[in-house]
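Common to both upcoming complexes is chain A, partnered first by chain B, then by chain C.
This part shows the complex of A and B:
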């Protein structure tokens, strides 16, 4: 007997269906405190709200829908995220980059029901430095995509969401 | 128990590291007469878990490493451990460092540790090198682990720490008394409490919560610079990185933790370049695997004095990184060991080191009268309630091991029997002393296994699939091939449920063949009644120590069935020994 025979793998999905991926607060150091509603308005002022991208299940589809191209991994994209989340509901993830001509920065969580979490437009002359707190249903890769000079660069880190362990 | 001084003297071979090469140091006069070396001596204790009195503590027979960690220290047990470190079988050191023939050796060599004995040894090793040439550092888990420490929220241990002469410490379980109790302890602590990796949450910072450095949000002083042997030595504190995850977050709502090796690198660079220190020591509660990885990434640290995972490793492990070499140590637990790091420090650089991890054989050391007096005085108001025998140990009762220990089997039996459940869960803590077969068990012994600030038991209904998810989750905290994703405890203990485990698998695939005591397989969709304690969620049941004591007093026949964990894919792994 194996446990998967008894239907074990199905339960994770049920848990996931109940969890929405919502960017709670944009704490971009270049922006100051920016409520979520304002971020959307800001994006809308520059571009149409990327409704399709926010519907995609996989990070690859979301990136394709948002940008129409693929990203390459770059060590110039510096992501700061915990190895193990202290609270899956508010995982602090921030990014800075030394890349020039940054026009947007997007955050994705591969295992969330909807992969794209937030996409920030970076106006010319703004320091490309965004911090936000994201909701994660379970352990997943977190992907940051930086659009710079018309090309896409990314960084990926696994963030573990755990039920809690036992200390030594 | 007869003191057989000759046995200690002729058989002790304390493995040391001299000039990067291990050798056996034998001293003619005594185990504790150390050759003078260098100009600065740093003494290190860690994870004493408030054991003021000497203890028995059996080292693990299962301490598996997976991936690149397989077969490397600290993941060696039994004979493989002796071979790796050149320790003579059947010696006092073999008894202190391994589980081999534990009960026989325990009769022969006696208990280890105890703060009065430790005090004698510390004072001797400090006076050997003279004033201004030594430091005593503690790696945390100093103020928790006994009934006394728990009832006094660590206050008893502050006095003992001061008398022992601890110059600096970092923390882990200390945080579980909550901010108020911790701060009150720190006010009386004469040493410095260091933690570079504890920061205010954004909300707490916004509300102007108390912090050592409001600009960075660092709650505690990150490092200190001490002049010893005419050189400037920086000591950085690294608290346990996962306090709000491994323990209820309600104890530390305003603080966030993490490994934070980028902040650490900036700190080291500042100490080297701006403060012009001659040596940098990281006093760490990361756990050994995390420290080994950190040493490969962060440059400029000479030695990481490590703890948390309770690994008694006789020699430092040298780790190469882009800036040079960092030595990584781990100094065991429960007061069993005192680490002696002798440094030959030149201008801006450590020229050479010698390291010894000395077992604190209580029968070889005269207890320090002042410390003994303090211990007796502190214990007096409480010990009376706890000294009565409530049962006898029906077999060797120990906790340490990746998957199970007879002490936790006893706790699981108590939970199932007293709370009337099919299944029991008990946390994989690594502290908790060992009781020899036939030894009387008192409330104090029960508390030494259970004294936490969240001892409430619970009875919950869980589906088979929820139980499996919990097991997979905890198992990944132990066997993730990337140490930064480990938390340093052992596997959750199970009563009433057997399983197979394949440590080398990935999360979700390690646990299989879950089987109830009656032989039927655990069903994913079916609900089961589960008892447990030490939940990170708030519970309201009776404290676990009362449940265990009640079970022991009931005189129910002991359940001696095997723990029921079948390991797969561990053939040839030297982290497991057949030695019982």
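This part shows the complex of A and C:
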């Protein structure tokens, strides 16, 4: 493939940025990838399993893949997680928030091989409170992202792990 | 066969609190077995709770959720004696469904 056509290569670069997937570079036609990139941008809007978000290694990429925007820290998001987790295979983490119009809550662990752990959809009428148990490979920041009124709010807490839960 | 899903849904009048415990290995694909070979990923990807035919809670899970996962949430409404439907599907396409009576 040549880069003689400037318009074409610019489009191609845009798509690749949006998709954030290096694996696509070697593929022949970027036209074939266009709908793929677009669907991904709106993946959070439907009920489909967010496959790509669960492949991202960093928490920032996972949040971007899942929501298409970045989160700001908010003291209205309250996370309950232990200071020290003796067993990284089972770390109880829960979140409550006083934010209104919550539509989704996600849990991420920065140092895990895959940052995104769980993402919950909160329909109208369901309380914005979730408790679950997650695995942690090692000592890491745990990040909770709350989507409320179309914006993202987050809380971060470091949990020290003495025995890893992801083969670490 | 016994269900893999155990659910307790308790109504307080205004809201219903739901706790679910599911039997599943939740293998992330990053852990090695005793021979040093990677255990292939095997984890629940989606878990749905439905009340009156409408989803009240949906979970998208990765391999980072603990083995035999537990989740707790609450929703407004839900009458004692009504049914709550719970179902999951994993990355190998296996599924399980159960219904629980709200207490």
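As a convention for this text, the second predicted complex is superposed on the first by the 116 of 168 C-alpha atoms of A that agree within 3 Å, B and C clash if a C-alpha of one lies under 4 Å from a C-alpha of the other, contacts with A are read in each partner's own complex, and residues count from 1 in each chain.
The rule is simple: contacts are C-beta pairs under 8 Å (C-beta built on N, C-alpha and C of every residue); 3 or more make two chains touch, one makes a residue touch a chain.
This is a predicted model, so every value here is computed, not measured.
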Query raised in the report: So, does A:113 touch the first partner chain B, the second partner chain C, both, or neither?
Result: second
Report task. Tell me which partner A:163 touches in the superposition: chain B (first), chain C (second), both or neither. Result -> first
Requested in this report: Would you sort A:132 into first (chain B), second (chain C), both or neither based on which partner it touches?
Outcome: second
Query raised in the report: A:94 contacts which: chain B (first), chain C (second), both, neither?
Result: second
Requested in this report: Go through the superposed model and pick first if A:82 touches only chain B, second if only chain C, both, or neither.
Outcome: first
Query raised in the report: Which chain A residues are contacted by chain C in one complex and by chain B in the other?
Result: 165-167
**Report entry** chain A - residues contacting chain C, complex
**Finding:** 47, 49-50, 54, 89-91, 94, 109, 112-114, 116-123, 125-127, 129-135, 137, 165-167
Report summary line: chain B partner, complex, touching residues on chain A are 1-3, 6-12, 27, 80, 82-87, 139, 158, 160, 162-168
Query raised in the report: What does chain C use to touch chain A in their complex?
Result: 15, 26, 28, 30-32, 45-46, 54-67, 69-77
Query raised in the report: Can you name the residues of chain B that touch chain A in the complex?
Result: 47, 141, 172-173, 202, 240, 242-247, 249, 256-259, 262, 287, 308-310, 427-431, 463-466, 468-470, 473-474, 476-477, 480, 482, 484-485, 487-490, 492, 507-508, 511-514, 521-525, 534, 536
